[in-house]
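Across the two complexes that follow, subunit A remains constant while its partner is subunit B and subsequently subunit C.
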Partner chain A sequence: MHRILSYINAGFFFLLIVLPLGGGLIYSFLYSIGGLGLLNEEISGKALLTIWEEGTFLKSLFYSVYIALLSIGISVALSLTLTLGIKLPSRENPYWMYMPLALPGMVVAFLMFQWLSRTGVFSRVMFQAGIISEITDFPVLIQDELGLGIIIAHVLMATPFFWIFFRGLYQTERVKELGGISASLGAQKHQILWKVKIPVLLQQGLPTIILYFLFVLGSYEIPLLLGQSSPQMLSVTIIRKLERFNLLDKPEGYAMIWMYALIVLVAVYAILSLHQKRKAS
Partner chain B sequence: MKKGPRFFIAIIGLGIAFPFLTLLLFSFMKGWFFPSISPTTWTLDYWIQLFQVEGELLQTSLTSILISIFVAFVSTLLGFFLGKWMATHPWRKWWLLLAYFPFVLSPVILAAGIQFFFIKFGLSGNFLGVLIAQLLIALPYAIIIYNGFWSPSMLDREKLARTLGGTAWQAFWRVSIPLSSGVILVVFFQTFLISWFEYGLTRLIGLGKVKTLTIQVFQFVTETNIFLAALSGVLLVVPPLILLWVNKRFVINQWI
Partner chain C sequence: MGKYLWICILLISGFLLSCGPDQNLQQVNMMMWQGDPVINSYMKTYVVPELKKQGIDLQLVSGQGTEIVSTLMTEIEAGKTDSEIDVVWVNGETFFQLKQINGLYGPIWDSLSNIAYVDTSSSFIKYDFQQLVNGYEAPWGTIQMIMIHDEKRAPQPPSNPKALKEWVKANPGKFTLSNDFTGMSFLKLLLIEFAGGSEAIKGPFQSDIYQQAGDSLWNYIREIQPYFWRKGETFPEGLAAMHRLFANGEIDLSISMNDNGVDNKVLEGLFPPSAKGYAWKSGIIKNSHFLGIPSRSPHKSGALKTINFLLSPEAQYKKLQPDGWGDGTSLSLNLLPEEWKEKFRSTQQRKQTPPRSEIEQYAVMEPAPEYMIRLYDDFAKKIIDGEE
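What follows is the complex of A and B.
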């Protein structure tokens, strides 16, 4: 009976996780090398060569990494400041701290548009206050070169999450007590902060920080609404390549799928190994 | 509490309320021209339209609720057994890696990879296809949470019940289920939210024919119908707010 149940579970796992994932990646790989697809006549590395020569994949990858690094970096810094700088009346998190988690990416992107565009709320307030005299005086924050709108949107979403997360870690890792021990051993306030509290929180939170980094790296709706036409974040570039009328672009889109998947696979493996090493030690 | 922290907390509270207030106010506005901060008129029109039976937005909300409840229910149920199976399997690390993968890969990229198969099996552009596609990202998440729950000590408690003379069914029904009721609730709420917030995968597999609230928000934004987009946004954030309120004690602090 136990063995039968094990086979049934393995069957479901294979059917709903391994098969779609494997099938999708194998299909993408075969399409990208010309093994599948209506217009593909022979197996070749043409698509790979094209994206390498045009630099499409690398440009999008670097742009995505830049957005994700900056978004996560700012969010982690802000949330650490909130965790260590603001003492709430109770150890338990109040409900209002969770409220931002109810905002989906699509809604945050929409709000960014209404707040930060040149005809948005902030621009109007500044105009009425006499800080700017023309619409063009307001800086371009949406669909801009530096991806500021995308970064601000991600920071707004990630900071509340990390604040709750670090507050949880602060208690489970007994950071306050560690600080107390350091103080009794003669450490000064800034040493306790920079050499005890922040390193403990960052070290324990690293797997989650990397996971969130990967989420931002692959985010879609926020850069779709707030990003400029070039360069674009990876997900947007891939979907645009696959949805273009020019079918010759499709192999490039599929090549980018499996190349990105490979990067994510290595990253997830590294996170899990790191996590298990920590657990073992 | 000192005055300083109270001031900061008030500022943060205002910052947190601002997005919700913006959505709510925009859903009552009509005509909003630069440089005016206030609209030309305030109206209840969009809200009245919403509650009309033939209203599109009401139907979209119902579709979203149906999809999310189904996805959450199946993921919670299947994930429970798959998580336990995985926790006791010698290849646990590799299964966990595979479970993380679809979730971290980016749902829209996963959808792009599997779209061909959905078209081939007649699952593209229909309700069933969207259900299955969303299950492919919600189920791994459920498994990951359950995998953390099925620790050796948890499994030992079930074994102890068997050692003390309980049948497999009794150990499952009287020991495992009561002990896991908290995590079951968390998984249900979390997978509901994954499905509720999903956009890219739903658009690619549903081809825009299966309209969920996120699809509707995007459509209104591209049509520059910001007031209806705001109303859809309000509808989109209300269920998660309620779920978070109900489930506050279980979410985040204990399971992240």
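What follows is the complex of A and C.
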């Protein structure tokens, strides 16, 4: 009975998840090599060659990884500081902690635009206060080279999430008790923090951190509104390729889709396998 | 409790039934850009009710350019025989793409009685991006590119490439180009000038002309790029973003492909009353925008009826009003009946931009679509990415 149920579960997983996603990737692959598509005349690797030669794919991929690493790194550091540094009166999470999670990415992007652009609220307040002499003296935080606007928007969205997440882990993994045991064995405060509490939270939270990293890596609305013209994050680049005036660019967009998916799948598999091995050992 | 439940069920059912299509009307789905409130208002409060009187239930679907092409392409690739779309609003680049995939039904001109009021011999009607229309799309309106300035912030705006170069250098950070159709159209205008005028670039795409004029164009842009908004390191992604920069005072010049655009934006409250439209004296791109029927439309007769109404003098007159959409008519005044001639002539003039008759003298035709493809590519490589 148990075996039948697991077959049914696997069947549902295949039908609802693997088939549509896998089918989409196969479609992208076939379109990119000319096996499908109204304007494709022959099977060739031209689209693949073009995106490698142009360097757009790699540039966008590295830029996306940079944005995602920095956004998640800052968010995790902030949320760990909040989890370990702030003692809330109740073990239950207060209502206001969930509020930022209710905001969609597009809304956060617009808010960032309103607050941080050169003609935004901060700039106007600083101008009125006489801190800057011209409104354009305000530092460029939106559509900037370093992607600061994108990173700030993601940090604002991710930090509350990780704070709630680490608070939950702190209790389920009995981190406080582990700290107490370490102290009774003679560990100093900083040793408890750096060698017990933080490693436990990070190790247990790694799969979730990776999932959020992938979410940021593939984000679209925030970099679309807050990013500069070049380089762009991968999702923005792919959509631009697919929606270009030149219909012959479509295979390049599809090539980017499956290559991105392949790279991410391989990387995630490698990281999670390593994580499992380390946990087992 | 049970009574209230039944009342709720009845109310919901009534609501759902009222939302369904009217069986006595022929449903026609029209895919069009819905990004401008004045255009939406014209369609929803005038066109839809008027067509209902003629037995057409016009459903507006949001989508433009590549969305239209992608939808039709996917339907053809999937072997779908009945398209979800019956009428599309297209410009030259979409026409070029739809021709590539044989996506349009036609010729349709002979099936439209109101085409009698259109001067089909006009080169702005006969050709779309230098491609022969051949009756595969019906002209809905005409537009001319205009430059926009704020007469308080930029009282002496430039109106030719030389003056623009001087102005941009004297006003650093106050000019930019949108990385979209409008920005590329302005580059196209410069390209025409560097090629030696619209006659030199007329006809099919010529690689050598593009190469020569393109080199001059990119050298010109590179020279003034450091004086652009944000030192030319980034560009607004679309026209709306560029208009926002203009409204905020970050830039002092903007561009619009709709010559009534300034009046619309001032009426909407986005632009200040000091915003004015003016003509680029060395030539402004004029083009028509068209309506087409997808080749797999299942409601072709309804689609033809819809397009014919949109081409009628009454619908075109309503569309022309500057306090509404203010779109240029595709009809020729000489071909209209007397009563309509008078009405069209006595139309209230717009306030923020010189009349069409005044800027018409600078009009030039769109070059072949391949020039636009090359401009998009080279702008991304040579200007945004800074490649040599």
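By definition in this document, the second predicted complex is superposed on the first by the 248 of 281 C-alpha atoms of A that agree within 3 Å, B and C clash if a C-alpha of one lies under 4 Å from a C-alpha of the other, contacts with A are read in each partner's own complex, and residues count from 1 in each chain.
Keep in mind that, in the parts below, contacts are C-beta pairs under 8 Å (C-beta built on N, C-alpha and C of every residue); 3 or more make two chains touch, one makes a residue touch a chain.
For clarity, every value in this text was computed on a predicted model and none was experimentally measured.
*Asks:* One more residue to check, A:Y98. First (subunit B), second (subunit C), both or neither?
*Replies:* In the superposition, A:Y98 touches subunit B alone.
*Asks:* Go through the superposed model and pick first if A:L58 touches only subunit B, second if only subunit C, both, or neither.
*Replies:* neither
*Asks:* In the overlay, work out which of subunit B or subunit C sits against more residues of subunit A.
*Replies:* The partner that reaches more residues of subunit A in the superposed model: B.
*Asks:* If you stack the two complexes on chain A, which partner ends up touching A:L274: first (subunit B), second (subunit C), both, or neither?
*Replies:* neither
*Asks:* With the two structures laid over each other on chain A, which partner does A:I164 touch: subunit B (first), subunit C (second), both, or neither?
*Replies:* In the superposed model, A:I164 contacts subunit B only, not subunit C.
*Asks:* I'd like to know which partner A:T119 touches here: subunit B for first, subunit C for second, both or neither.
*Replies:* Both partners.
*Asks:* With the two structures laid over each other on chain A, which partner does A:L49 touch: subunit B (first), subunit C (second), both, or neither?
*Replies:* Neither subunit B nor subunit C is touched by A:L49.
*Asks:* Which partner does A:V140 reach: the first (subunit B), the second (subunit C), both, or neither?
*Replies:* After superposing on A, A:V140 lies in contact with subunit C but is clear of subunit B.
*Asks:* I'd like to know which partner A:V266 touches here: subunit B for first, subunit C for second, both or neither.
*Replies:* Touch status of A:V266: no partner.
*Asks:* Can you list the residues of subunit A that meet both subunit B and subunit C?
*Replies:* 119, 135, 242
*Asks:* Touching subunit A in the complex: which residues of subunit B?
*Replies:* 1, 5, 8-9, 12-13, 16-17, 19-20, 22-23, 26, 34-37, 78, 81-82, 85-86, 93, 95-102, 104-110, 112-114, 116-117, 135-136, 139-140, 143, 168, 196-197, 199-200, 204, 214, 217-218, 221, 226, 229-230, 233, 236-237, 240-241, 244-245, 248, 251-253, 256
*Asks:* Under the touch definition given earlier, write down the residues of subunit A that touch subunit C in their complex.
*Replies:* Its residues touching subunit C are 36-39, 118-119, 135-136, 140, 143-145, 224, 228-230, 242-247.
*Asks:* Touching residues of subunit A toward subunit B in the complex: what are they?
*Replies:* By the definition above, subunit A touches subunit B via 1, 5-6, 9-10, 12-13, 16-18, 20-21, 23-25, 27-28, 82, 86-89, 93, 95-111, 113-115, 119, 121, 123-125, 127-128, 135, 156, 160-161, 164-165, 167-168, 208, 211, 214-215, 217-221, 225, 234-235, 238-239, 242, 253-254, 257, 260-261, 264-265, 267-269, 271-272, 276.
*Asks:* Spell out the part of subunit C that touches subunit A in their complex, as residue ranges.
*Replies:* Going by the criterion above, the answer is residues 65-67, 69-70, 73, 76-77, 93, 97, 100-101, 173, 179, 230, 233-235, 237, 248-250, 369, 372-373, 376-377, 380, 384-385.
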